[in-house]
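Structures for review follow.
Both of the next two complexes hold chain A, though its partner changes from chain B to chain C.
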Partner chain A sequence: MINWEFCVAFIQASMIFLLAATGELVNQRSGVLNVGLEGLMLVGALAAFAIAAKTGSPWLGFAGGMVSGGLIGLLHGFLSISLKADQTVSGMGMWILALGMTTYLGQPLSGPLPGDGRLESVIAGLTPMFFIGIVIVICVWFGLFRTKYGLWVRSAGEDPSVAVVSGLNVTRIRYICVVFGGVMGGLAGAYLTLVYNPVWSPNPTMGRGWIALAIVFFSMWRPEIMLLGSFLFGFLWHLAISPSALQFQGIDLSYHFYRMIPFIATIVVLTVISSKKISRIIGAEKPAALGKPYFDQD
Partner chain B sequence: MKIGSYQFGIEKRIVCTSFDAIKIAVLSVALTFVLFSFFFWLEGISPITGYFQMFSFAFGTSTGIELTIRRMTFMLLVTLAFIFPQRAGVLNIGATGQLYAGMLAAIGIGLWGKSLGSSALIPLMVAGAILSGGILAVFVAYLRAKMNVNEIVVALMLNSIMFYLVKYLIEGPWMDPSGRPESAQLVKAARISMIPGTSVPYSIFVAIAIAVLLYFVLAKTSFGYEVRLTGANPSSARYAGVSFLKIALLTMFIGGAIAGIAGVHQTAGIRGVFRIHRYFALYPGTWAYYGIVFGLISLSNPLAAIFVTFFFSGMQVGTQALQSRLGMGYGADLAFVGILMIVLVSGQYFYHKKIVWRKIGSQDRKKGT
Partner chain C sequence: MLRSPVNVTSTSPQAIQTARPVAGPYSHFMDLSKGEKILEMRGITKIFSGGVVANDQVDFDIRAGEIHALLGENGAGKSTLMHILSGLIEPDEGEIIIGGQQVRIGSPQDALKLGIGMVHQHRKLIPAHSVLENIIIGHPRTPIILNKHKAKKEISQLAQSFGFEIDLDAKVWQLDASEAQVVEIVKVLYLGARILILDEPTSTLTPPETEQLMSSLKSMVKQGLAVVPFITHKLPVVLDISDRITILRNGKIVDHILTEKADEKWLARKMVGKETLFDLHRTEVELGQEILKVVDLSAMNNKGFQAVKGVSFSVREGEIFGIAGVSGNGQFELAEVLMGLRKPTQGAIFFQGKDIKRTSIKKRWSLGIGYVPAERIEVGSVADFSLGDNMAINLYFNDNYCKWGILNFKKIYQDTEASIREFSIKTPGHRAKAKEMSGGNLQKLILARVISCRPRLLIVNLPTQGLDVGAGEFVQNKLLELKKQGVAILLISEDLDETLSLSDSVAPIYEGQLMGILSRAEADKQKVGRMMAGMVRSSE
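For the complex of A and B:
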């Protein structure tokens, strides 16, 4: 049955996607692709879980998750902005490192989070972090599309050489955006292990980072579609792990196929929107300089 | 920047010779070993003891060498699956999905054709794996070249889709009769036989033969020339009448096919069952990503890949031995590869830049990487 409990759980699942995708949106808008989003989430998830378990304070846990995510973001920024490395390979490296590190370091922590490290729900099963997350996301949208700072970010991602001519420091803008993307990735990971499913097991994200990355492409770099996408994927994801909700459908299909739906849907939607005709109708706003390092005249 | 009595600086590198590239790769690997010492420090083991234990097991004992060669077969194949499209400038990030496709084909055909003889069954399994791995790769390349769909996202999605398909099959239709979460055992006819007296399957020769073949295709044939031209300069390749679509589809098909063969090796050569490791939900899928790293170290040279994968497979086997010998935790080998990948990508900065230094007060110049 789909009841309120189910809805709360799926909204929480959607928040993970939304937070991670918001960070990725900002750094992609500034022209840096971070495919290591899954890794950022893993690191944030472990840091938050470990700190919350040790100190008993979920808020310190969230802070730890954000800081550690930001550090990985900074490392990716250093590679992709200062060293002008291949951003895809660098991002994959971040992910593999994070997967290995978190598996290795997280072993002694395996198991559920001690009770006092958990976040109490305030309204109808929703935790305060949900509302804080919503506020962050709204601020990011407002900042990105209604302020001059947002314009700076978008111009760094659209045409960095023009941005430089208009007096912007592209390197600094991109660094800030990549670190922000890392912080949000870490926050999403923290949300996963402190709110959605407070248990540590190796690889807790289970591909959520790839989905969040896909949501950004899927949304054609527009936040309003990203919001819809996050909730759609959150719903599908949670549906796949709630057998009772599945029985309600009356369809006897293995849960594995429900798990595949978000991934298949991404490919289909991406294929449809990537065709020139459709992307012009919908108005895809792909940053023109996405994934390309900016070379100063040296 | 001043250190001691030397003045350091960074200058532009005009030409990066292959010797420079090798030097950079070797230095990157050395730096990775230094950075990885952090894990020994965490465990309270001296890095020297740690590395000694690692390599003495992997290369100094007969069990270790056999394990290393078994692992190397897999690693060499996934590395070649990355290298070949890479030479045409196409990034094959989806080796994991192609590997799963190959494993599924091998297991599926192996379970279906129980009564066939080995001489019919093994070629059928290989053909099935080549087709399924290749088609999966071509699907990604086609969407990219024809429909302009981001190939990285599609490949990552396919990896996850294939993972759940595998999980469905081994927890459902193909499940082991005893109820363990793994596929049913392949019959003897469907297993690749071992080199007599060892536990190394013959597939190692196949892997090395493919590496040599790819080297000759790239160096001596007109197709290989077109591939290299496309990778070096896509626009001049287009002027020379080389179809990018054709090259992208063909190289990806070959890459995917090789990843599929790695799947045959892993199922029919090593285990005879298809299992998902309890610690790593993605194993051995995650190992397929190692191909990217080893491909970068080998500088996309198929012959170099043979030696690189031998060395690093030993390294990986050694790390796993440490897990049992010195009680080191799981995941350290994965972290090693992650560090290596990041250091290597950073090292590519020095393809265009070099560090120069000179003694303060003297005029003569020395150059380093």
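For the complex of A and C:
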């Protein structure tokens, strides 16, 4: 049965996608692709878990998760913006680095989070971080489309040479955006280990970062569609791990089948949405300079 | 940053309160009487990495209230000099003096703070954004939270005061070339430019639009703005509106002159450095079989309006079929439909008797249809590719250059070098990148590329746009030579003189319809001009 408890759990699951995807959306809008989103989340998850376990304060845990995510973002920015490395390769590197590092460093912490490090719920089972997360997403939407800084970000992602002629500092804009993406990725990881499932085990994200990355593409770089997508995938994800919520009459499918659902859905949705027809209806297009390093006039 | 704080530090927010171009922080422009020197460039030298000396000890000055034309052949160094002034390139040597003090212009921001704004030869707008967004980006007074309503009001007022009409809500990709040009001018004015540098402002404008722009420029000058338009090939326009003319050749200043003392012949000679002949070699040839036949063709434009309405005509071997019209009347859409870049909504296209309505673009190229787009730089070339590779893009389906999918680069590079020589393209060689070429030289390369495919039908848009006098004449003669060889040519041009002197048949186009098809003998300038304006239709 679908009850409120199930809903709370699925909303929490959705928040993880939403926070991670929001950050990625911003750095992609500025023209920097970070496929290492999964890695950002891993690092954030471990830092938050470790700090919350040591200090007993979830808020310090969140802060630690965000800072560590931001640092990884900064590293990606340095490689891909300043050194003009291939963004995909650099992003992959971030993920592999994070996976190895968190598995190794997290080893002694394995197990559940001590009670005082957890975040208590305030309203109907939802924690304050849920509300803060929603506010952040709304601010990003507003910032991107209603403020001049948003216009700058979108311009840097569409055509950096035009942005430069218009007097913008493309390098700085892109740096700020990748660091923001990193902070949000770290926050998503922290949300995972402090709220959704306060247990440390190796690779706790289990592919959520990749799905969040897919959600950004699926949203056609529009925050409002991304919000919808995050909840859709959050629902599917949670359904997959607690299939008893939806017992299909007479159909007794294996647990592995349910685990496949979110990933199959990703493929289907991405294929459909990226067709020319649909993207024309939504009227959105990929930032034209996404993934391309910007070279100053030499 | 700026070494000397000329007026930059004094830029208080209050001083930029109004969007009117007259007021502003640039007090050094305000109390000057007409003719006083406001800006001076001294001994400017710029040598590019390939060893090209683009500017060589150039001295140049701008005076209050004048329109100053900078002339020169393709590759003479005009854009480079203006890029230095607008902060995009730093000179190797030389100084810039404004209001008596030396300044360093390290970026476009610095230039704008000094009141210098530039409209570039290649469009610098973001297609996915709206016109409004494109204009306000980078404006210092744009509030953090965008107030689109207020910005719109200010911008339309500003635009109207100079007689420009723009739709601020349209997306830039929906605009045609001339609309985009106007947006760029308004943008630079809104950013507060008092010295407006225009690089080839008229090359994409139609004659009435050019006239409109020129009268707007004159009114700006009256309001105390200095303007530097620079026009390479439209000498009559230069003579009509400018006050002073500076001529560059091979990166050096060869002469300054007051416009009233100059004439066209003299200017052309100074630019080229030798006597030029205005001479087209036209030979009449017997027209052969029908190559292209278009029946009742219609198509939409990017905004979703009917742009081509039931057009029918045919072009034969050795015939130049000229479509004369003011841009925006459907001629570009027509060309795109013929090339397969745009879907027709009705009608049929026959190439050598075969219906090609559903044939792919690539197949059309290999059938022998060549296409020269109007936006040669944006659509026609890859900026980061070398010239040789830019040639290769268009030759991969040609058996002479590509066997079993393997490109014969040796031949491509040899032929590129040959084209560079034949078209006298100014560049160090086929290894140079497209973005390192001057605008006119890149145009020539793209023309050369299409011609080297040996098309049976050549669709050519604005063939002499952006070319200097000599190069323009060379291209026109090239078209006549192709005609002699039996190529069918569909010529789309806004230059009526060009269309009339080259074409065997002339079809004026107005609002997507051909107003008639006139033979060479019937087509006189006045008649065609009236038909282009939609006033008369030929009786047949």
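We take it that the second predicted complex is superposed on the first by the 293 of 298 C-alpha atoms of A that agree within 3 Å, B and C clash if a C-alpha of one lies under 4 Å from a C-alpha of the other, contacts with A are read in each partner's own complex, and residues count from 1 in each chain.
As a working rule, contacts are C-beta pairs under 8 Å (C-beta built on N, C-alpha and C of every residue); 3 or more make two chains touch, one makes a residue touch a chain.
Here the structure is a predicted model, which is why all the values come from computation and not from measurement.
Look at A:167: by the touch rule set out above, it reaches chain C but stays clear of chain B.
Using the contact criterion defined above for the overlaid structures, shared-chain residue A:152 touches chain C, although it does not reach chain B. Looking at the superposed arrangement, the partner reaching more residues of chain A, out of chain B and chain C, is B.
Of the two partner chains placed by the overlay, neither chain B nor chain C lies in contact with A:199. By the touch criterion defined above, A:135 lies against neither chain B nor chain C after alignment on the C-alpha atoms of chain A. Of the two partner chains placed around the shared chain by superposition, chain B is the only one that A:85 touches, whereas chain C remains out of contact. Within the superposed three-chain model, A:257 lies in touch with chain B and out of touch with chain C [touch as defined at top].
Across the superposed pair, chain B and chain C both touch chain A at residues 298. Across the complex, chain C meets chain A through its residues 49, 88-89, 107-109, 112, 118, 120, 124-129, 133, 136-138, 142-146, 191. Partner chain A is touched in their complex by these residues of chain B: 12, 39, 91, 93, 143, 147-150, 152-154, 156-161, 163-165, 167-168, 171-172, 279-282, 286, 289, 292-293, 296, 329-339, 341-342, 345-346, 348-349. Looking at the complex, you find that chain A touches chain C at residues 146-149, 151-152, 154-155, 158-159, 161-168, 285, 288, 297-298.
Within the complex, the chain A residues that touch chain B are 35, 75, 79, 83-86, 88-90, 92-105, 107, 202-203, 206-207, 210, 213-214, 217, 254, 256-257, 259-260, 263-264, 266-267, 270-271, 274-276, 298.
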